[in-house]
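Since the structure comes first, as structure tokens, the remarks are kept for the end.
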Amino acid sequence: GKNEIILQSTTSTQNSGLYEYLLPLLERDTGLRVKVVAVGTGQALKNARNCDGDVVLVHARDAEEKFVADEYGLKRNDVMYNDFILIGPEDDPAGVRGARDITEALQRIAAAKAPFASRGDDSGTHRKELRLWKAAGLDPGAAREGWYRETGSGMGATLNIAAGMGAYALTDRATWISFANKGGLAILHEGDPALFNQYGVIAVNPAHCPGMNIKGAETFITWLLSEKGQKAIASYRLKGQQLFFPNAHSALPGNGG
Amino acid sequence: MLFYSQLLEIVALSLEVSLVAVMLAALIGIPLGALLAIGRFPGRTALIVLVNALMGLPPVVVGLGLYLLLSRSGPLGILQLLYTPTAMIIAQTILVTPIIASFSHQIFADLHREYDEMLRAMRASRWQTILTLIREARHALITAILAGLGRALSEIGAVMIVGGNINHATRVMTTAIALETSKGNLRLAVSLGLILLALSFAINLALHFLRSRLERAAHA
Amino acid sequence: MPESNVLPLKPKDSQKAGAGFLISVDALGYRRGGRSLLDAVSFELGRDPGITVLLGPNGAGKSLLLRLIGGLIRPDSGTIRFSPDFRGPIGMVFQKPVLLRRSVRANLLHALAIARIPRRERTGILARLLVEADLTHCAESPARALSGGEQQRLAMARALVGDPVLLLLDEPTASLDPAATAAFEALVRKVAGEGARILLVTHDLHQARRIADDVLFLHKGRICEHTPAATFFRAPASGEADAYCKGTLLT
Amino acid sequence: MLFYSQLLEIVALSLEVSLVAVMLAALIGIPLGALLAIGRFPGRTALIVLVNALMGLPPVVVGLGLYLLLSRSGPLGILQLLYTPTAMIIAQTILVTPIIASFSHQIFADLHREYDEMLRAMRASRWQTILTLIREARHALITAILAGLGRALSEIGAVMIVGGNINHATRVMTTAIALETSKGNLRLAVSLGLILLALSFAINLALHFLRSRLERAAHA
Amino acid sequence: MPESNVLPLKPKDSQKAGAGFLISVDALGYRRGGRSLLDAVSFELGRDPGITVLLGPNGAGKSLLLRLIGGLIRPDSGTIRFSPDFRGPIGMVFQKPVLLRRSVRANLLHALAIARIPRRERTGILARLLVEADLTHCAESPARALSGGEQQRLAMARALVGDPVLLLLDEPTASLDPAATAAFEALVRKVAGEGARILLVTHDLHQARRIADDVLFLHKGRICEHTPAATFFRAPASGEADAYCKGTLLT
């Protein structure tokens, strides 16, 4: 059929402008056209389950693995990573800047009851944040603390909210760098290995979705994982910074997802 | 997942925000519509076209405009209204007013053509004229209000931005639906939508009977 | 556009009191759709009470003239002046009654409210008007469900609210039965006797003969004559008026 | 960032989708409104209330419902309409039809009260009656259509879900605005909103003069 | 509710031809708002052409009766039957003309279209109707801007579309000037002469005397008498009719 696939993707990759850089290169090499539908991780996997896409590219490792285990997708492949960062008001009312690690940083926020904007949407980032709170021995969501705001929206919207009320938030670095409405916010904590953020790509299982474009999906994944594709990812820069780090062939240790 | 108590909380907030917004919009929009229909002042035509065009105001834009105003660093940041139901009410009022004003204008223009000379022969003041027309149009105005209510209840773009869909604080039906959608809980999202629709149906039913009574009283 | 003064309550042209006229219409013109509907219409209505009957064939411009005098439309040329001591409301009955979508009672109460009659006086006046218009039995009926004659009586009752000193009545008895017509004529005579000036349009020549003090005859937008009733019905000055009365005037 | 050619593409698609949807909605909604006004059939009242209530149909819900239908694994998946402008047109038609039908009903009900006996005395068929009323109401119906157009142009929830906001394929003004918002480009988003509003203003202006002409012809 | 047959085009009660009546009204009753507006109304109109004048004071129920016969409203009791060979349209003129928001010409063309007159015949008929109603000079005017009399003439012209065999005319000359009234009466006589049956409401007793073949007198929703015109105007059988003619009937 048509040399065209639909990619169900998270919003962070789209918002960062990665696809606008990558896809023309891909099309030049392979002739394959990719239509990107950028939605929440949960919705992306659900849409793929419904056969409304040929490939998924998300960052929620356990959900991805379940997707494969349930035979909705073929093999899961690491593509690239970046990391999560903790951002918050420049004046840092909770004094997070000096924290040793993310656990301590979160504890300081809780102790100061400083506003914290949580995605609250069951996305990869949200799940990550919940695990971090748990590791810090806290469960502010369940406690219905006033300072803990579950925004129930995407990363960009949550950052807008954080900017609007001067709250702390956890975000992936790509979204942050490309985000224009930084208001009075700044990166207050980064670099903890626990903040690692792995992206994976999966072709939808043609046994489950007979009408899908498996050839196109394979072309896409092969290119993305190829030397050329990986180099292209590494060479994408925004405001002078590299947003994504290819790691198809060298999954880093501590790749907890 | 959503629990019953949480659902009630969300439904209550939806109703509160939208009903208050529609009430405010009616208080502004109906007299505005009447003025556009009976007034003769420079710029009237432009104002009519503008009000009609504002029906196409995208909610996201209203939300953003208010966000820029009410944000911490914005000119009205001091009021601390962002992410409160008050901000959501303001946003919906802005969205609904053009709809109610536009329809009121249409309704009043027809009635005014009919009653203009009679009222002027009676030397009715502008204000007496407006009140007479509102009273004559009251059952037709209900349709305008219902359209406004439909818009308010189903609106998401603006309340999402200025409300923030914050759990236990500013989450309403539509933002909850969007959240469940982004989680991939499509059927739960649709069910919430049907609950919202049932609410809308109930309100419409109540107003329908009110309108029928008004109409019967007027025409018999 | 020449100066025109159509709002009787605030006359711009201050005339000397006792100038002899209540209303002075001068060279009035009104055009629509390329046709001249009223042309150089001039006449005066005196200050003394009385009934002027406005006659003329269909489409002559009678209703337009009444609406111009009532200040409801603006002339394209010419002036309408009111005597400077003209005070108080004008009562109008339109050719087609325009009634609110409310009960008969509510229609009258509305008119009383618009005329700013004090609330406590309204009940008494309402009852009197209902009797005068013989509408007591259908006071609660929706006004728009009334019979043609009943609607016309309601419109007349409404025009009397506020005791106007000038009544502009456009074929007010066209749908009335003989008894109601007689009652109407008696009422109009009474109101005129109490000092009001009445300008009445009718096609009923018998009626005109019965109540007119003077007659204005309008034809194709022009005044053909303005004479005392006795003169008019004895021998109209203009050929048009004569033909009209004989039922042979062609438009 | 958005380039000029891309902006043109997006504006053109917005206009195409919304204008076609409003046209379809008018073709369904106006006769439906007329039928509700002049028909006498069992369930009519319920249908009227339903149509009014459907004005409160949340776009997200329409989007989801349509998604579930048009999804490859859904009953109509075979049509391959998901993520196409056609799906977006269908979604907006569903959203706009109740608005147009509801207002048409209100407009026709008033006119029908006026003309019913005259038309029955002439032995007009049901169809002749509907056509006569449509012709008499044509300038008032324009307000109904404008309200529908406003809704369509400013709508986002449904086109986002069934269109997918795919670059160069299904991206329209509102989904572009939402995308820029989520990138934090608030001022660009607001500017896009203002362009959309200017478009809406231009369309309204054109229809306003059309309506004035119709009105003048009718009343003089 | 007793069986009632208000749609003349498909009579349910098949009657023997030559039964002698065109319309037979039997024990008609109509109530609204707790009042009995028509009560036990029975009469027949014969098959022979002619003009029946319906008289009665304001609010008697004349307009209601015409609308019942025209099939526009349904009676609460009683029946209206049409002779089985009754064919063709009914022409109606309402007491208040209802005109479309279009030009005079467009109003007539609309009526011709509704009556399914073939397109090529319409221009000719239109021109004839405009002349008959003396509206040629304002054919392009918006119908609702016409003078009262012109509107009534337009309504009459429209009622003649399709050459009806029954005409129900509700005070069709109330706003007409004497010449137009005379022209109307001539027209009605001509139409009746060509075979149509006419039921006409008027409050103009002179007119009734001039054109009536027989008179129906309605009072408070009841038929008081149905007699040939000559008898009626010589000496009405009922006291009410007598009082009505003298202008002393109180409602």
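A, B, C, D and E label the chains in the order they appear, each numbered from 1.
What we mean here is this: contacts are C-beta pairs under 8 Å (C-beta built on N, C-alpha and C of every residue); 3 or more make two chains touch, one makes a residue touch a chain.
Bear in mind the structure is a predicted one, so any value in this text is a computation, not a measurement.
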Chain C reached from chain A - shortest hop count over touching chains: 2
Chain of greatest Cα-centre distance to chain E: A
Centre distance in Å when chain A and chain B are each reduced to the mean of their C-alpha atoms: 37
Chain centre separation (chain B, chain D; CA means) in Å: 18
Whole-Å gap separating chain B and chain E, where each centre is the average of the chain's CA atoms: 50
Residues of chain E whose C-beta touches two or more other chains: 32-33, 141, 145
Shared interface positions of chain A, touching two or more other chains: 47, 154, 157, 160, 163
Chain B: positions in contact with at least two other chains: 67, 161, 178, 181, 186, 219-220
Pairs of chains satisfying the touch condition: A-B, A-D, B-C, B-D, C-E, D-E
Contact footprint of chain E on chain C as seen in their complex: 32-33, 56-60, 62-63, 95-96, 134, 138, 140-141, 145-150, 153, 170-171, 174-182, 203-205, 243-251
Contact set on chain A toward chain B in their complex: 39-40, 42-47, 120-123, 144, 149-154, 157, 160-161, 163-166, 183-184
Residues on chain A engaged by chain D in the complex (per definition of touch): 6, 11, 14-15, 19-20, 35-38, 47, 49-52, 154-157, 159-160, 163, 178-182, 209, 211-212
Contact set on chain D toward chain E in their complex: 114-115, 117-124, 128, 132, 136, 217-220
Residue ranges of chain D in contact with chain A within the complex: 71-74, 77, 82-83, 164-167, 169, 179, 181-186
